[in-house]
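By written order: A, B, C and D. Residues from 1 in each chain.
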Amino acid sequence: MSADFVFEVDNLEKNFGGLAVTRNVTLAMRPGDRVALIGPNGAGKTTFVNLVTGHLKPDSGKVRLGGNDVTHFKPTQRVHHGLVRSFQVTRLFLDMTPEEHIALAILQRSGKSGRMAGNYISHPGMLFEVDELLSTLGLTAMRHMKVREIAYGQQRLLEIALAMALRPKVLLLDEPAAGVPQSDTGRIEEALSKLPGDLAVLMIEHDMDLVFRFAKRVIVLAAGEIIFDGSPTDVTRDPRVREAYLGSYGHDRNVA
Amino acid sequence: MQTVFSIAIDALAYGMVLFVISIGLSVTMGLMRVVNLAHGAFAMIGGYIASYAVRDLGLAYGFAVLLAVFATIIIAIPVERLLYRRIYGAPELTQVLMTIGITFCVIGIANYVFGPTLKTIPLPEHLRGPIDLGFRSIAAHKLFAIGCGAAVALGLWYLIERTSFGVKLRASVDNASMAAALGVRTQVVYAASFAIAVGLAAFGGVVGAELLPIEPYYALRYMVTFLVVVSVGGAGSIPGALLACLLLGGIDTTGRYLMPEYGEFFFYLAVIVIVSFFPRGLLGKAN
Amino acid sequence: MTAVNEIPLATSAPTGHGHLKRDLIGLAIISLFAVLGYLVFPNNLALLTRIIAILLLVLSLDLVTGYCGVATLGHAALFGSGAYAAGIAAVHFGITEPITMVVIGAAAGAVAGLLSGAIILRGHGLSQLVLSIAIIHLFHEAANKASTYTGGSDGLSGIAPDAVFGLFQFDLWGRTAYIFGIVLLLVVFMLLRQLVQSPFGMLCRGIKEDPVRISAMGASVRGTLLKMYTISGAVAGVGGALTAISTQVVGLDSLSFTMSAEALVMLVLGGTGSLYGAFIGTFVFMFFEDFVSAANPFHWLTLVGALLIAVVLCAPRGIYGTVVERLPSLWRRRS
Amino acid sequence: MKKIIISMVAAITMCSAATADTIKIGVVGPFSGPFALQGKNFKAGIDAYIATHGAGKIGDNDIEIVYRDVPQADPAQSKALAQELVVKEGVQYLAGFYFTPDAMAVTPLLEQANVPLVVMNAATSAIITKSPLIIRTSFTTWQTSAPMAKVAKERGISKVITVVSDYGPGVDAENAFKTTFGAEGGTVVESIRMPLATNDFSPIMQRVKDSGAEAVFAFLPSGPTTLGFVKAYNENGLKQAGVQFLAPGDLTQESDLPALGDPAVGILTTFHYAVSHDSAENKAFVQAASKAIGNPAELSFPSVGAYDGMHVIYKMIEATGGTQDAQKAVDAVKGLAWESPRGPVQIDAQTRHITQNIYLREVAKHEDGTFYNKEIKTFEKQGDPGLAAVK
């Protein structure tokens, strides 16, 4: 509502059959925010992401980007309005090179991906921007290799680079470090720290160490509801959060 | 009213014949994930063997059917080992290329061995001629085909849902490496289900020969029909295939009665509508 | 990680210039073969022209199947629409200028592509195949029904194209038709090379590999594929128009499932996803068919079947695809 | 430009013909594929003629047949092959052609190539009008269908339903019957056109039953669908109900009869040729053709079209002495009459189509259990009434 919020979610509701999977979720982010969204398994994080990106239709509630109501927009239109996501499992084009990936994203951003003539290399400023992004993420050495030939950690970096090439205003990072060997997580974190300062980032993550180092604010989702929204230092002390996590672990243990 | 009943009976009979011939393809496509365009070729082989057995060897119809089924399976075993095993899990286009190649070969060989003329499978006395249903008469062999369809549907359902072989088959399909780790010999399971599919094709070829006569181009002529029927039903789903056959049989028969000159339009428009709304087929499972 | 450093940067960066060079080489090779064909088979030009027309169909199929991953057994619908449009324009509307006929064919093919694309793209995998089969049968029936315009099963005859530029009459040896076809092919090939290397071509390859990622980048998957289908239709339509012009007759077979299936077989035979694969597949299949059917017309089907099986067993990625795969060093140097 | 090319062609081909002592005849037909049987019959008819007429020699000239395969109706392929036959093989005569579109595709070539075309099967009336260099030795669907309307009338049938496959020849048959039957004062109560790819004919038979017609006039392409149609006619009780089955003879071609079997007995057809035709010429022909085809059960009507086609070509070669002059060759056989295995025939000087007897036949069973078309009535010297319908 306030003009300086770049991303707002108002009273979002979603039911599958009779089951409420998203209940009255409200949150807002400003440019430069670093927010982590956490929650136990089955808390409804995936559903929430799908509602925000537009792959699911909410039963009620609103999603706004930069003050515009995008609730009824298609996923691709939301991307045009500055909402970009990354994937938990890399989704890349195995037979294309990192350079081509970035170039495609840049072309898409600038509305030139439908051009049927010429080559991306000949576009003015293109190679410069590609160089910059690849070197920021340390991918320069493998720019001409096929993605299927490079290591998974580097694929994760490329995933981030791809998102950045789209110059989003709001970035949804879905477990950016998932599946990456411990030795490589440092490089992911480094990449995250280099994200533009005015970008609002919402990161969904399980790795609490990463959450604490990255986020200035933590939101906890449990059973489809936001049960906590505050600073990382407070989150472990919150009784509802403790109950949501430990309660479920306790329950699991009983079953086992 | 009488006409409606009459059309309904025709539709049922046609649908069931389609079912008996196509269900084997549903097994290969749904459970083994092979787009087997050579299905009709195996049905045709069955038909030729039965025809030869009845006309030239003078065997009784029942024996000829059994002989056709088993001989076709025996012919198919080396084909499975040498050719099909190479395309399990391959891209659809590769499977299409291979199975079209097999079809071409079978057609060429059939043409060479049996000649280009039509081959009939003489029916036993009690299946010949019409049976009076009161309001109309119907060919006895059509009733026989309806019965065969019902028996095949029940038998397959029992095999897949109720026997340990069915459990192993479904496990192998869902996750081959996991099933293998649990001690299921997946190669054997695949070979066995391929044999069942081929046997069903041969059986269907023989039972359906009154409607779809046996000649060398049988394998190509009806290929599309089989593929369409199975896809509309949902590959791998027996009730789905049954439903699709009855539905498409009904649409086809009614269309040909009401507006025969637009018969093809009805059939294929129905296919487009159904597949658009049910991309996995009527009762197909999500992968 | 270490492996990464071992692969040297010797793989020179592809530049716009390098692409152009490769295209010119491709163009030169095709022209060379065209001249060779003319000199070596001066009495088979009609057949060679027919191969060019089919090649245009296979190239068009490669655009949607090879570059976008859409499986279809109904691509002759686009080809036949082009052929009939050019033929009907000539017979019923007196438009007999060959280049105009090609343009009409391309336009009709594009419309047919848009139409069938809109339906086929509703499905995935197997359901795509089935939808495409249904479409080709509907097109075929429609042409059969509209016999006033299409001649129905008797075929549309009486197409009498003018001389090209008013100078080059279509002659008995098929020389004009052959050169006309070669020029069309070269133009189409050049345009398609541009297309597949353009940003749009890259987008299509992306869709083939992962449509979800493409839509997450904000591009419309359906819209892009529809565009490609329309372009593909125009290419197939040019092929159809070439048939109508060079043979002066159009039959229902040009809208048949058989022709669609043969085109797919030729493409997979050569190798999907590269224009050269389409070339090789078409030539190998057509020559094999012509050679074997002339040697023994009574039993050639068996041999064609055996060829297909052999290709699947020995060259699973198609002839061109497998050669490229087996000669990685050569390929690296060239790309 | 065009004239120059024509004269060039003429010059080249003429001097090649003058020196060559081998005369080539290009035959296009379905030698593989679903219609391979008909192509086989072409070859059998041609071989039979050559074997019984000088073993491949006319005077000093050797005769060579060059076969080209068009498995299914495919006019573009047909034209490309015909072109190849003319320019590469240097054939002086084109012959064969099972399907109408394939023949139509070739007609624009003839004048330029200076080559006559002898149609050995394709049965649409209009073909012959497309070029003055075409001669047809087979039949047209109009020619064989129209007499059936007279038969129906004679037998006291006044209400008929027509059922045809929905493609060119089917529509021809329907029009031929309707026109003639109407002129005879009968009524066609309903006309059904069904798709070529029809497997189950029960709904069609239901329509026939509902129409209240006394007879059904049917046309389907010879082959697998015929079998289903005849079976459906029996099984749906139309035979018992006394609905007479009428058709042109394509439906009961001899090679399909063993498969059709008992259900076909009693079907009335009109056609130009039955393998069982009783004459010395036919006995000699059947003997030679059976030997050529291998399996006598595969012998069918296209063989006689091919046999007589060869007769015409031989006469043309004799008339031109082996030089290539298409117009002279065609002129030489206009009005040619001879005794064919099918009976007395003549090439009509006006239309260049064959005038012949059309026979009414009934499917009957021999004592040894085989089936044949028994000729029971003759309509003498029938031309092609279909040409009147061609504008």
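Definition applied: contacts are C-beta pairs under 8 Å (C-beta built on N, C-alpha and C of every residue); 3 or more make two chains touch, one makes a residue touch a chain.
In this text the structure is predicted, and so the values were computed from the model without any measurement.
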{"item": "Innermost chain by mean C-alpha position", "value": "C"}
{"item": "Distance between the centres, which are taken as Cα means, of chain C and chain A, whole angstrom", "value": "41"}
{"item": "Interchain centroid distance [CA atoms averaged], chain B/chain C, Å", "value": "33"}
{"item": "Inter-chain centre distance, chain A versus chain D - centres from mean C-alpha coordinates, in Å", "value": "73"}
{"item": "Inter-centroid spacing, chain D versus chain C (mean Cα positions, whole Å)", "value": "37"}
{"item": "Residue list for chain D, restricted to those that touch at least two other chains", "value": "33, 36, 40, 166, 195"}
{"item": "Residue list for chain C, restricted to those that touch at least two other chains", "value": "141, 145, 299-301"}
{"item": "Where chain B touches two or more other chains at once, by residue number", "value": "111, 261, 264"}
{"item": "Interchain pairs in contact, sorted by label", "value": "A-C, B-C, B-D, C-D"}
{"item": "Residues of chain C that touch chain D when the two form their complex", "value": "43-44, 46-47, 49-50, 53, 141, 144-145, 147, 151-155, 157, 160, 163, 167, 169, 171-174, 243, 247-254, 258, 293-294, 297-301"}
{"item": "Footprint of chain C on chain B - complex, ascending", "value": "29, 35, 83, 86-87, 90, 92-94, 96-98, 100-109, 111-112, 224, 227-228, 231-232, 235, 261, 264-265, 268-269, 271-272, 275-276, 279-281"}
{"item": "Chain D-facing residues of chain B, complex", "value": "3, 6-7, 10, 13-14, 17, 111, 115-120, 129-130, 136-139, 142, 210-213, 215-218, 220-222, 225, 252-254, 256-257, 260-261, 263-264"}
{"item": "Interfacial residue positions of chain D with respect to chain B in the complex", "value": "33-34, 36-37, 40, 166, 192-195, 197-200, 202-204, 206-207, 210, 223-224, 227-228, 231, 234-237, 255-256, 258-259, 261, 295, 297-298"}
{"item": "List of chain C residues in touch with chain B within their complex", "value": "65, 71, 119, 122-127, 129-131, 133-135, 137-138, 141, 145, 257, 261, 264-265, 268-269, 272, 299-309, 311-313, 316"}
